[in-house]
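Shared chain: chain A. Partners: chain B in the first complex, chain C in the second.
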Partner chain A sequence: MDYSLDLGAVTRNFGPLLEGLWVTIQLTLAANVIGLVLGFVIALLVMSRVALIRVPATAFVEFFRCTPAIVQIVWFFYCVPMLFNIYLGSMTMGIVALGLNLAAFNGEAYRAAIQSVPREHRDAAVALGLSPLQSTLHIILPTAFRLAIPVLLTNGIVIFQQSALVAIVAVPDLMYEAKSLATKTYRPIETFTIVALVYFAVSFPISQLVGWLERRRSVAMA
Partner chain B sequence: MFDGAKDQTALVRMDGLHKSFGPVRVLQGLDIEMKRGDRVVVIGPSGGGKSTLLRVLMGLENINAGSISFGGQPYISVKDGKTVIDPKVRRSIGMVFQHYTLFPHLSVLQNLILAPCKVNGESASGAKERARALLTRFGLGAKADAYPNQLSGGQKQRVAIARALMLDPKLMLFDEVTSALDPELVAEVEQVMLELAAQDMPMVIVTHDMWFARNIASRVIFCAGGVVVEDGPPEQVLGSPIHERTREFINRVFHIRT
Partner chain C sequence: MELDFSIVLRFADALAYGLWLTIRLTLICIITGGALGFLLALARRSKNRLLRGASTVYVEFFRGTPVLIQLFWIFFCLPIILGVELSSFVSGVIALTLYTAAITSETFRSSLGTVSREQIDACVALGLPARVQVTSVVLPQALLRAMPTLLSNTISLFKESSLVSAVGMADLMFVGQNISNNTARPVEMLTAVALIYFAVAFPLTRAVSVLEGRILRKLAA
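For the complex of A and B:
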């Protein structure tokens, strides 16, 4: 193979990559705000006793869980403007597409956590005279949030990685900048290796944090 | 002293309680009258309805038929197939469960003051003062700021008892509170219960520990097949039971223990 490594081609052009990383981080944070808030609402809807509420919410969750994220993003970019005559700019569309996807997964995380609060704790709350609302606010939700945190963090970091998919619809994120840099410099190995390392450098500490939280929880719940 | 301890009028009256879980009939016409001075230990084979009886009494289960009154007031009844529970009456009953039910996100002190503050509107400072006094009495003064995961099983159950007592219950229910404990931790929990007994706290206890039953009970009820089979002082029911079914059960239990 006649290819000598030249990292300088990438390091000399780090500016656009950093800009791309900043866009990626903005996408991730904004999608997580949507995912954390809307996901909680979805969890409540999915657990509703009213079928008219429960069925559409469940359908929403299953749609996002059972189709590839890249298809969701492409569909969102091309079909929503045509069907509904809405176009919000590529960044906003990217945030909404990723946010809805995350909301579906976080909804399941919240639901599982709420349902895993032991029945005995609900019983104890009743025995202590707490009303159903008080029991939900003071016992079930605080316990459930703590149980859900590791999964919510994991989902959040997955969205950080999935956000690379929006590059194909021209959001100038880290992956998009990497592609154009690789094309410009003819240095795909250096560029994509360094970009992979950047994604890794952000994700790895958070996944370590999740591991630490889970170990701590297994002690706390014992 | 808990008021009315020497009073011999009925504290609880259960009339014709019926309870089914699907096709399984757990309570089949249970009648029990409990006086204010009674410390009732309920024994019997598993599936005989002991725990269900306590859960019904705590208002945690719906019933199919029957009624319960508490201190002369209607407490639980069935109207049009629906169980009606008076939540005000329910507040005068406290319960401790077999499994640990301390809320893991709250410290010991916060566990104790949650209900007094949220339900009774007591001030946090007043509730904390009472809570600390109660914890000190149970030898847990140093654990006020600990979290449940930092406590042993025996300490958790003692805190759970203290938490129930914070609401000044007129009746305490104990559902196999030492069954999940390591053997060496059982005594410290039973000690606290004996202390309450010495102060004439009315209680209903479900336990498999026959030694403890004999020590704490003023009255023992043998429950099997969803009905009361035998009801009498501990010497009779545990020592020389009248009914054949009780005798069989007692022989088997004491046989296993030796």
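For the complex of A and C:
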């Protein structure tokens, strides 16, 4: 191979990469806020006894789970402005698209967790005369949230990685900066390797944390 | 604006061509990636520390980075390193195989864990060589238990394969986006593409649930 490695090409251009990483982190955090809140609401809607509520909510979840994230993002960027005549700025669009995707996946995580909240807890809430809203907020949500944490965290990391897709619609995230740096400097090996390591350095500690939480739980359950 | 979905039908052939590439990629890579994933799962349970460490790093790395950057790496860096031109189909297959291997190895790892210790002891008692032990005792059981998750992995791969459109492979996503750009009809075309992906993936997710129930009942019996 007559290609000599030159890490300088990347280290001299660390500024744009750091800005890109910051955009990626903002996208991830904001999408997670939407995903955590909206996901819980969706889980409740999916479990509703009223078919008129349950069916659209289920369709939402299945649709986001059964189509590629890249299709959702491109669809969002091209079609929402045309259909509804609104344009929100590429950052906001990216956040909403990723957030809705995450909400569908988190909805399933919450649903599994809510279904494993012991029946007795709900009976106790009724016996104490709590209103449905009170028992949802004070009994079901805290327990379900705790049970769902490992899956919610895993989904959060997945969205961190999926956020690289917004580079395709020209949001200047880490992936986008990597692509333009690789093109500008003709240093694809150095750039893509270092950027891959940056992604890894963020997601690996969180996935280790998930593993630790799960081991701790299985010990606590035993 | 006025929507005219009949435009989708005019491009049915092109979309079918794209879908066919997507399906071929998915099928090839689930087989090659699954095979590599099984070997990786064995390596992760090996007594050899070097083998265990290397396979763990591999799996964590491919699970911890975006598939998009893995694709870019294979497309732009691998030809420079190897010094040979790779066709885009070959590059796509390599990238998705490596990624799928990391995902399926986790599936196999948990299903290998359910093959009980006694069965391995029995193999030793019968004097079976290690290779026969793997191919005739461990693999069939691990494969059966891993089936529903493997099918889920296949559905994920079917969706993830749409990323190859970003490096210019004419899969379903690429064809759809291309037509939508050229006809200025993104709403109709992109919606159609999303619905096609959905129409393939959704029935498969239902099949996974059915299969899961069957296998659980079979194993319980």
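To be clear about the criterion, the second predicted complex is superposed on the first by the 199 of 222 C-alpha atoms of A that agree within 3 Å, B and C clash if a C-alpha of one lies under 4 Å from a C-alpha of the other, contacts with A are read in each partner's own complex, and residues count from 1 in each chain.
To be clear about the criterion, a residue touches a chain if its C-beta (ideal position, glycine included) is under 8 Å from a C-beta of that chain, and two chains touch if they have at least 3 such contacts.
Fair warning: this is a prediction, and the values are worked out from it, not measured in the lab.
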item: First, second, both or neither for A:Leu130, with chain B first and chain C second; value: first
item: Chain B versus chain C as contact partner of A:Ser48, first or second or both or neither; value: neither
item: First, second, both or neither for A:Glu120, with chain B first and chain C second; value: first
item: Partner chain(s) touched by A:Phe200 [first = chain B, second = chain C, both, neither]; value: second
item: Chain B versus chain C as contact partner of A:Thr11, first or second or both or neither; value: neither
item: Partner chain in contact with A:Thr92 - chain B first, chain C second, else both or neither; value: neither
item: Most chain A residues touched (candidates chain B, chain C); value: C
item: First, second, both or neither for A:Pro68, with chain B first and chain C second; value: second
item: Which superposed partner A:Thr143 touches (first chain B, second chain C, both, neither); value: first
item: Chain C contact footprint on chain A (complex, rising order); value: 1, 3, 62-63, 65-72, 74-75, 78-79, 82-83, 157, 161-165, 167-168, 175, 178-179, 182, 188-189, 192-193, 195-196, 199-200, 203-204, 207
item: Touching residues on chain B, where the partner in the complex is chain A; value: 55, 58-60, 87, 90-91, 93-95, 97, 99-101, 103-105, 114-115, 118-120, 147, 149, 160, 163-164, 167
item: Chain B-facing residues of chain A, complex; value: 118, 120-121, 123-124, 126-131, 134, 138-139, 142-143, 146, 219-222
item: Chain A partner contacts - residues on chain C that touch it in the complex; value: 1, 60-61, 63-70, 72-73, 76-77, 80-83, 155, 159-160, 162-163, 165-166, 173, 177, 180, 186-187, 190-191, 193-194, 197-198, 201-202, 205
